[in-house]
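Report on the structure given below.
First chain written, first letter: the chains are A, B, C and D, and each begins at residue 1.
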Amino acid sequence: MAYFKSDYTAGALPEIIDALTATNLEHTPGYGQDHYCKEAERLLLEVCGIPDGQVQFVVGGTQANALVLDGLLGKCQGVLAAETAHINVHESGAIEATGHKILTLPTLDGKIRAEDIDRYVTTFFKDDTWPHMVEPGMVYLSFPTELGTLYTRHELEEISTVCHRHHIPLYIDGARLGYGLSSPACDLTLKDLARLADIFYIGGTKQGALFGEAIVSANARLIPRFLSLVKQHGALLAKGRLLGLQFKTLFTDNLYFRASQRAVDFAMQIRQLMQEAGYPLFIASPTNQQFFTLPNDDMDRLHQHVSFELWGPRGKTSTPVRFVTSWATTAEDIQTLAHALKEIR
Amino acid sequence: MAYFKSDYTAGALPEIIDALTATNLEHTPGYGQDHYCKEAERLLLEVCGIPDGQVQFVVGGTQANALVLDGLLGKCQGVLAAETAHINVHESGAIEATGHKILTLPTLDGKIRAEDIDRYVTTFFKDDTWPHMVEPGMVYLSFPTELGTLYTRHELEEISTVCHRHHIPLYIDGARLGYGLSSPACDLTLKDLARLADIFYIGGTKQGALFGEAIVSANARLIPRFLSLVKQHGALLAKGRLLGLQFKTLFTDNLYFRASQRAVDFAMQIRQLMQEAGYPLFIASPTNQQFFTLPNDDMDRLHQHVSFELWGPRGKTSTPVRFVTSWATTAEDIQTLAHALKEIR
Amino acid sequence: MAYFKSDYTAGALPEIIDALTATNLEHTPGYGQDHYCKEAERLLLEVCGIPDGQVQFVVGGTQANALVLDGLLGKCQGVLAAETAHINVHESGAIEATGHKILTLPTLDGKIRAEDIDRYVTTFFKDDTWPHMVEPGMVYLSFPTELGTLYTRHELEEISTVCHRHHIPLYIDGARLGYGLSSPACDLTLKDLARLADIFYIGGTKQGALFGEAIVSANARLIPRFLSLVKQHGALLAKGRLLGLQFKTLFTDNLYFRASQRAVDFAMQIRQLMQEAGYPLFIASPTNQQFFTLPNDDMDRLHQHVSFELWGPRGKTSTPVRFVTSWATTAEDIQTLAHALKEIR
Amino acid sequence: MAYFKSDYTAGALPEIIDALTATNLEHTPGYGQDHYCKEAERLLLEVCGIPDGQVQFVVGGTQANALVLDGLLGKCQGVLAAETAHINVHESGAIEATGHKILTLPTLDGKIRAEDIDRYVTTFFKDDTWPHMVEPGMVYLSFPTELGTLYTRHELEEISTVCHRHHIPLYIDGARLGYGLSSPACDLTLKDLARLADIFYIGGTKQGALFGEAIVSANARLIPRFLSLVKQHGALLAKGRLLGLQFKTLFTDNLYFRASQRAVDFAMQIRQLMQEAGYPLFIASPTNQQFFTLPNDDMDRLHQHVSFELWGPRGKTSTPVRFVTSWATTAEDIQTLAHALKEIR
């Protein structure tokens, strides 16, 4: 069986398991005040080109999103985001639970546009009844998006410019950041992101860590009492060093990007195999998620050899599906898929 | 250096590291729907004597507390708890952030009393203005308490009886549950707790896991939409199997209780050493936390050999201190303390 | 000047001022425990045909909506509502501030459809990831809608049936209820509404009271600790009798419906005058709100004699406008409009 | 029957009823954008000596408190207040519902002390674990207190100084402000309060209005998006002019203070009568609330002629009671009490 169901079905990169094993009996202070967290913060800020910034490690992506939005949105402010945004669809109302509305922007490809943000904010304050409405106080986007698509450097610069002209912070959800930055279609660097976003997170969970996301901002004082807020959200890990240690490992010897690159390469191989087999792209994604439309018969037969996800309800004759690669994908997985594709014809 | 500062300064029991290593490359479904979580749930429910109950694993104690209280308290209800309760003092307002008030009961030793609960609830509904007040809707206690003290079986049965007479659920915070149940002073079993509490959690973080707490209730439907709430709180671990695997390991071959017992035994040795050295108990705790009053000079000199915590501000001549043992405490640590005590005289 | 800007620009029906004056120096218990509230509750339940129901008076509509939704929605539940719903657009995020998401349904005319509700709920539970999503826990609609449109009896019965089949309560916002029930296009009675909705409110503020809305439900225990919740929301009026007295007055001698009927009759006269003057309907509303498209020149000249509202931004050549009648509209106002229409030609 | 039960059992000062009647049919913009609100704001700021300040009118005291605290407290901040504070006891958890903890200070007489505030804040930041605790972010006090007691100018200046030294805003709940300022024991003026507090409210409901409280601050930008927050709390009255008109009336010709003075004078007469009758003070209050200890027999007999409140549960032989005067108290009420006291002997 080859595994393409998701990028969080396996454990962690072996280097991480090794690091956990090697340091297991060491005693360190709790709650992220240890030397591993400090070292990982230094490494991350260096690679982001913002040495005076701040890093806060948390366990998961919903935590990261809820923390940043709760920390940055003022009373009666909401966050602008794509209708398909993870925070709008798949976080069980975590943002609304902190009292804030998600103000949705239309999207076809999972991306939002600078002009839509600009129009929303400009129109908002022209309306006489604006004090009765939720003020757009922040912009959320994900890189890559839920649909695996990428913003170009030009698009992201436009969005950043619009946000800053309206004094609205820009936040980037980077759950799969590495897979985005390693895409052949990407013309952005991590330093670009750190410069264009006010705050963003570097995903670990889907990128080879057991768990963990690193919230990064150039402005170390962006969110007041951030550590207290992390605690209030139940997101302050007692043995915080587990986060520091993992990110230190990921950002030593370029491990994070090497693993990302390998996964994206495998994804491109999958795309080629599937297109050669005659299956059209359902969404054109240049990252580790690949979407195809499969005839139901083929889909059922393929499922006997390869695990992948239905992307939406089963159709009458064909169904959209998603294949995901990760740091854990192997050349054997790709081989298995290649064989299976031949077999089912 | 001997480490008695806290019970979350080291990593995890070697058996847990081994299990993580051995299963690292396995692919499993996410979010706790894997076979390790199912197996761990079965093991826990069996040892608790409630085979039809439910277990929900989460990463940390503040998450567990906020989830259970948010899930069980109705609108305009608050939770009765000791003034010294962790939720009242050290969780950064996590409970209030979910909209609920903590209704404090007085305490000398960290414990609350059945009669105080009874009086509070009875008096509440006698007051004509009760619709203007926060209704006591739940009882929180920790076992052991913040001060290391334990409820007797009789005390806990009285509290449970009062709660159920008033139709108020009883919740027990078991961050250090194993250290409580392994105390020579304990006349309660895990089965007793599962019977007397409506819901409780079995702590992992301080008991030898890397992280993780298991929320257990005999009534599997106690909290509606609990899984969604876990997600909303940002507490649903993507690679949920890490929690299942750790608890499966802890509750295989009695590892949890063996490790707890060893820690409590070491705590009793510390108590004996300190008392022999002439230092009075600050609080009489029969569990893995030991509290003493130390002359400042002795404290400063001891600190050069042994790590421990000040329990309150430094006094003019003497200061209360806390020594904590854990699964990671070794016979060498005790030896180091014994030597240090001789040396500083 | 004739006033058609809104239905809350004047004070109150003279009968209400008289009642306030006549009872001013009487001493009564506070917080709605007085005999006027009790009498008003009895009158309302009688006219609604639900003698065992419950009435809770509050000061305003946003209070009513936030209270009912906060009281009825469970954790991780949201409310289904039209995209144009007042709660979604014009209440400054009051619903999200209580922690709940608004799940929007598409609408052209301000109304939602039974089949859309059914599809949403059915699809929701078919999706494997539903625990990660906000559960539809309630349906909100307004009668009349924001656009002055009305549900037919058949439409509302279908919605009610769908809601109850899915065990989801139906709530009706009746800020302008009287103007809806008095429309020539309405085939529903107040008793029908009380039967079809689980809970609804009878608007006072826009219907001739100084302020006040009456939340009505057939099930007196629908919302637990409702009075406490009213207090918690800051919605419990100290001199609660002011609400009881006003609703008692409105529902004595049919005053509420007489005043509503007069306003709707005036609205129909406005429609006729405007259509005779050649201005097309922008929205076809059979209630006290009338929407037209006006050439900008005519609009500007009309504004010198008559007050009304722009319904959206000023267009290049023409603009949608809204004329609203109320209990305070007079035959003179209509005359003024008729003269003005002649004058501006 | 003489009425001393509370200061919100009657309607409003006749001048207010007259003003409502006289202006009833006038059309004005809604939501407080009318000329009465503007004129009232000007009058209030003038009498407070802060012409560049801001006034926001709301309907009730719980609204005022929840709004100000929700608006001013940052994430993870709580409000310091007396254990007996209205917000801590009688507002149904309205503050916690906005996500904030009330940090209680001990009190004997309803007042808090500058030194206790200072100690709390200073100690807080000395504790290593402060990021795990709720930060004191604001001070709440009421003038007069719940027990009718008053801060001296010296006490309030000390509190104000401590607050500002720690950069913590001071908020004063003035539900009965007029009765405080009109007390013979008061050495403070309204201008003093406006100078010493960062924000406070001038009570109307208990001071002769039908309803209404005026939130006043010298800094017009103290709370960002305040109007939106008022709407979000359901506290933005549609016919806002009702609030402006009442406060305009109260602060024209010194009506507010004349009515307060009369009430306090009557309270002093009650105190004299009761003390002459041999009933000891239960609390020494120099304002419109008077507290006595009554033998139960006398209390029961007095209750046949005079309405007043039990202040706590009925005792075995005697019970604390509260007599409250107001703008509605008459010389006849005092006469009735005097007669009743003679009769029951």
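Keep this in mind: contacts are C-beta pairs under 8 Å (C-beta built on N, C-alpha and C of every residue); 3 or more make two chains touch, one makes a residue touch a chain.
Predicted model, so just to flag it, every value in this text is computed and none were measured.
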item: Relative to chain B, chain with the most remote C-alpha centre; value: C
item: Same-site or different-site touching of chain B by its copy chain C, using the half cut; value: same
item: Approximate Å spacing (C-alpha centroids) for the pair chain A, chain B; value: 34
item: Intercentroid distance (Cα basis), chain D paired with chain A, Å; value: 51
item: Distance from chain C to chain A - Cα centre to Cα centre, in angstrom; value: 43
item: Touching two or more other chains - residues of chain C; value: 76, 91-93, 97, 99, 131-133, 228-229, 231-232, 236
item: Residues of chain A defined as touching chain C within the complex; value: 76, 78, 89-93, 96-102, 126, 129, 131-134, 313
item: Residues of chain A that touch chain B when the two form their complex; value: 3, 5-6, 8-12, 14, 17, 20-21, 23-30, 59-63, 66-67, 91-94, 97, 205-206, 210-211, 228-229, 231-239, 242, 307, 328
item: In the complex with chain A, residue positions of chain D that touch it; value: 31, 70-71, 74-77, 99, 131-133, 135, 224-225, 227-229, 231-232, 236
